[in-house]
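Next up, some structures in structure tokens.
Presented sequentially are two complexes of chain A, the first with chain B as partner and the second with chain C.
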Partner chain A sequence: MIAEVKKLQFRSTSRGKTTDKIAKIVFMSAALLSASFIFVIAGIVLVRGVIPFTTDNLGIGRVSLFSFLTGDVWLIGETFASNLYSIGFIIISTLFITLLSLAISFPVGVLTALFIAKIAPKPLAKVLRTVIETLASIPSIVFGLFGAGVILKIVYDFSALIGYQSKGGNSILSVVIVLALMTIPTITTISEVAIRSVDQTIEHGSLALGASKTQTNFKVILSSAKSGIFTAAILGIGRSLGEATAVSLVAGGRRAGISFDLLDTTSTLTTIMLEGLKETTGIDYDIRFSVGLVLMVVILLTNLLLNAIKRRVGVVNVKE
Partner chain B sequence: MSKNKRRKFNDFILNSITYLSSTVSLITLLGILIFIFGQGYKLLNVDLIVENFESQGYVADLYDNVRLCNCETTIDIEDGTYYSSKWGIALTDTTDLLGKNVVMVEYVHPKSPLLNVRDKGIGNDPIELRDEYHIIRIAFDAYPTALSRYGAENMINYLDANDSIREIEFQTEGGGIRGSIITTLYLIVLTLLFALPIGIAAAIYLNEYAPINKFTKIMRSLIETLTGVPSIIYGLMGLAVFVPLTVKLTNATGGNLLSGAMTLAVILLPVIIRTTEESLKVIPDDYRQASLALGASKTQTTFQIVLPSAVPGIMTATLLAIGRIIGESAALVFAIGTAIKDTVSLTGKSTSLAVHIWAMMTDEPANIELSATIAIIIMLIVVILNILIKIISGRYMKRKMGLNI
Partner chain C sequence: MKKLLSVFAMLLLGISLVACGEKTTTVSTSSFDETKKINVYTRDTTSGTRTGFMEGIGFAEAATSDSVLVQGFIIKDNTGILSTMAVDEYGIGYVSLSSVNDTIKGLSFNGVAPTEANVINDTYGLKRPFMWMLRADGDYPSQDVEDIVKAFVAFLGTSDGGDIINNQGAIALPSSTTWDSIKANHDVCIQNNASVTVRFGGSDSIQKVAQALTAAFMPKCGNFVAEHDHTGSSDAYKRTNDPAIKDTSVGKDVGFASRPFRNAELDVPAIRRGQLAWDAIVAIVNLNNPLNNVTAEDLKKMYDGTYSTWADIQG
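Entry: the complex of A and B
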């Protein structure tokens, strides 16, 4: 009798264990699959991206990696008949645009966060937080449409005012403004969290020492939250570098020559990828993956660099 | 004293700067809303949503023994609109969505012989000449043909001078977004079908099963890395992996709905995994232990105790995912293509609302009005989703707090 009960129990747990094992394997493979996609993405872009440099591209000839990275004309000669692609000028203009847009969005975003977290009266802060949340959820294509419909006109009128004939407003300035407006909500949201999580004792200490509320906000709270604020900047830069469709509607598509003129047309790594993709084979197709590869490397390097800087400046230094 | 004054002045300046900074976001949001509603409200109506993008052309003639109308209008005829009481039809000059000059039907009298005409194409079916259709030409038996480029007034004069017409060519208005709406809906359903099971299963593994070790940590950070990949890179992956895959397995010839949905599913995985995991984390361990102590197996505990408690989190993840699907453009330009189509099939070319905007804006001339109208639709959906997410998480928080007491 006792043996029978034991046997039954054993059986039921063993069946339970088998389903448990199967379930665990199913769940685990889903997690493994999700984790493996980053390798799929990096792998496919790498494999396809090096094709123009390692094969002779159906008789056209290899693309020289050095001139690809340093040249200042997108394509010399006919599409599908030339291997003279280069994106050196586009890499530089992409970084230039990202830096400029951050120069606008970073201070505005951080100050907005400070305002919402510490300065604004409660009802106003609530309204502003909703505004920021709504802005953050607006799809980039709508920002692009706004850029094409409003900002292009403003920039065009402005350039006409100072006697400059811009190409319908398509310019570095327009791209910078659109990107800045898009990244402000990102920077604000993350900075606000950082500012809120600053220890109240630091704030009280500053106030007790006779600093005014505003001095405390600007000198103590902002510098205590700088690690989080830096993270906000990193995410903002990531968003600027990767943004494609919105930028492509206001950039104007520059195909040759480096230009730092704010009212001149421009191209970024993402817009050149979107431009005129028609065939699904051949060099003009594969070269997009090379540009994608360069974009990924640029993003990776920027992130590594910024994270290294963050580690240096990130520690809360009470002595300051 | 003067030092104190200077300090107050400085504080005032600094505070003013924060006020100014905050207005930037406010102005941006207001600017966007005013712009899309100002540009897009004119086209926002039911027709737009149910109409095809490509206009349909018809050539038709009159049925035998129809009677002329000779009827007075029941509507006011404005300036620039011309009415033929003989035929009971009012025409006006206007421009279509692409900016071309066309003659548009403003009004057809219920007794007009032109209301029901015979399709000269296939099958002699009766077709209805409706308001807003564009008339291309009207040919007469013994009179020069009235072409749309000579304007509405000329066409009405010709009609008044004749007692019969040989044939009439007209086309539906077009410019509708029905195809793109259906594609977007398909994309939402398919993407969620792909992404939700995988994402939820992965979240369950990470939170319920995974041992706390280096391997799990690496797996987590690999999934987290996906959020930093720009969507255009996902597009490249879709183009190089999912498009060839679907072309090989189905009768697709290029980018299609399936490849688009698969690409979107990969984009959404990290969002779904993170949101689901967050909701799994807050389920008290007592639940699991109680279930296990009652003799339930780990699998039973997961499906019957843990998952039901995580439903609000999964719903939030779903709503976030829908928002992302509706707004995504760069990845889909590559993964599904930019062809605006009215007939939608799983393996055919068609495009989502966001890419529809992009395709029209990169076209010459850019169609800002229709784009703004689509933007209104996208924004409305996004705002509704946001509100729903807030309601769900608010209720969830309340319930949680209630449980803790």
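Entry: the complex of A and C
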């Protein structure tokens, strides 16, 4: 009996080892495949994106990289016949919009997370968590439709109220609101996890020293979870920078001149890529890959910068 | 910090407006302020509707160039212009006739109301014809191609073809013939044509309509292969009938043009060219706007910035 069991065990472990080997190979090839997509995608965008700068675009002429990055008119002259593209003003407005939307979504998101994790009674917290998670999984086009159908009208009426003639509500403000709505769930979910993983002994220590609950929440818990909260902000920024569909429905397609006027139209790097993409050819098509390239660089630089700041912010006693 | 606070204040105000949104609309219906600026909405430069509109109002250079338009114009797609015009009382935009609905006001053009009937009887002016042109008889790569092309043109004139054209937003010429009633005249469609390629070209504005038509017609005609290469209206004639080009690699069996044929193009016998549809465009405004009629000149002046307020148009 015992011998039989031993035999069985032996057989099963030896089979187990082969399975392990096969599994390892399968997992590794999956990992390699997914990792290689990054290079394929980046490669194709790079190859197409440099075409406007390196060739004469079938007689239209080379696009100058310097004026492309610094100019403040999307395209001077006729489409398909001009090489005077530039996105300098769009880069700035993209960053400006991302910053503004973060200024709304970050405090709202973090405070919501704090409420769910520490203050709300358990059943309420559970419901809220589900609501936020559902919100996080709503596709961006739905946010866009909401923006086009509701927010545009609100912003239009609001502008009329303060005596400003808005362009149908298509404005920086509308974009910022849509993006804030989209990033709040992302920021909340991740900050909540960070807040919940703060070591309870720190919290107890603070309370024992006579600090009130609110003091503890803000001064001890939030500052202990700041690294995780910072990650939440980074992901929120990533979502804002990369969002195209929802934004293009409320941005208004500004084509020239930088504007920080909250109620005037705007463009972002993603909307300029998206508009007309399906119907265009030649240089007007290739230039969108160049914009994509710039967007990738912008995202990369932002992430590097934010991660550098995050490292300086540091980590305080967080439960592993 | 100050900026942050002001953004917050704006958001709060915005949210508080949700509650009284309904009230604001009813109040604003009463008055249209003519001194307000005109908000000019347009499609982007790749849009065929934009080309049709700009050419129709005599502002052809604006079809592909944003620089000649009035400062501060707004770019939206067809649906975007339509939905924004329901909100923006002081906007002007344009959409294809098929998408006009009762949330906005479609303006009469030079005194003619934008209706399908007025397009078909050729009184409504802001439109362009979609034309087709064929090669000379016996000048096709094979007899099968010629027969399929003839069958295709017959299909364009049926109500089946008309439905597909209308689904694409253009307006088909009225017809009561069905494909089923005439297909007996086209024996070529009974055989298997999977190895026959028919080349379609010409206007890129018609490409979507043409592709929808061939996609619907292929299974009806022995699954021939349709090859679409749309490069511009002028190539409708050049690539089917210009002796210097028609037999090169870019030669086509059917050419489409999104404008009336002119000059040398008219030397092609009338039997080998014709019209399949109209593409009508309507200038639209908010329902509160008292304007009911515009002229081509009005529209051009709005889009080039000569007229900046609504009072300019009335006077």
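Operating definition for what follows: the second predicted complex is superposed on the first by the 281 of 320 C-alpha atoms of A that agree within 3 Å, B and C clash if a C-alpha of one lies under 4 Å from a C-alpha of the other, contacts with A are read in each partner's own complex, and residues count from 1 in each chain.
What we mean here is this: contacts are C-beta pairs under 8 Å (C-beta built on N, C-alpha and C of every residue); 3 or more make two chains touch, one makes a residue touch a chain.
Note that the structure is a prediction, hence the values are computed from the model and not measured.
Participant: For A:Ala148, using the defined touch cut-off, is the partner it touches chain B, chain C, both, or neither? Pick first, second, both or neither.
Facilitator: In the superposed model, A:Ala148 contacts both chain B and chain C.
Participant: With both complexes overlaid on chain A, does A:Leu249 touch chain B (first), chain C (second), both or neither?
Facilitator: Both: A:Leu249 reaches chain B and chain C.
Participant: Decide which partner touches more residues of chain A, taking chain B and chain C as the two options.
Facilitator: B
Participant: Considering only touches as defined above, state whether A:Leu75 meets chain B (first), chain C (second), both or neither.
Facilitator: Second partner only, chain C.
Participant: Answer with first, second, both or neither: which of chain B and chain C does A:Phe89 touch in the superposed model?
Facilitator: It touches nothing on chain B or chain C.
Participant: Which partner does A:Leu295 contact after superposing on A: first (chain B), second (chain C), both, neither?
Facilitator: first
Participant: Of the two partner chains, chain B (first) and chain C (second), which one does A:Thr19 touch, if any: first, second, both, or neither?
Facilitator: first
Participant: Considering only touches as defined above, state whether A:Ile116 meets chain B (first), chain C (second), both or neither.
Facilitator: A:Ile116 contacts chain B only, not chain C.
Participant: Quick check for you: in the superposed arrangement, does A:Asn170 touch first (chain B), second (chain C), both or neither?
Facilitator: The second partner, chain C, only.
Participant: Once the two structures are fitted together, what part of chain A is touched by chain B and by chain C alike?
Facilitator: 148-150, 249, 280
Participant: Going by the contact rule set out above, which residues of chain B touch chain A in the complex?
Facilitator: Listed in rising order, the residues are 7-8, 10-11, 14-15, 17-19, 21-22, 24-26, 28-29, 31-32, 35-36, 39, 197-199, 201-202, 204-206, 208-210, 218-219, 222-223, 225-226, 228-234, 236-237, 239-241, 243, 254, 266, 269-270, 273, 297-300, 302, 323, 326-330, 333-334, 354-355, 357-358, 361-362, 366, 368, 371-372, 375, 378-379, 382-383, 385-386.
Participant: How about chain C: which of its residues touch chain A in the complex?
Facilitator: Checking each residue of chain C against chain A gives 3-4, 7-8, 10-11, 13-14, 17-18, 21, 24-25, 28, 36-37, 39, 41, 44-48, 61, 64-67, 71-77, 80, 83-85, 87-88, 90-91.
Participant: Using the touch definition from the top, list the residues of chain A that touch chain B in their complex.
Facilitator: Its residues touching chain B are 16-17, 19-20, 23-24, 26-28, 30-41, 44-45, 48, 107-109, 111-112, 114-116, 119-120, 128, 131-135, 137-146, 148-150, 181, 184-185, 188, 212-215, 217-218, 238, 241-245, 248-249, 270, 273-274, 277, 280, 288-289, 292, 295-296, 299, 303.
Participant: Can you list the chain A residues touching chain C in their complex?
Facilitator: Counting only chain A, the residues touching chain C are 73-81, 100, 103-104, 148-158, 160-161, 165-170, 173, 176-177, 180, 249, 252-253, 255-256, 262, 264-265, 275-276, 279-280, 284.
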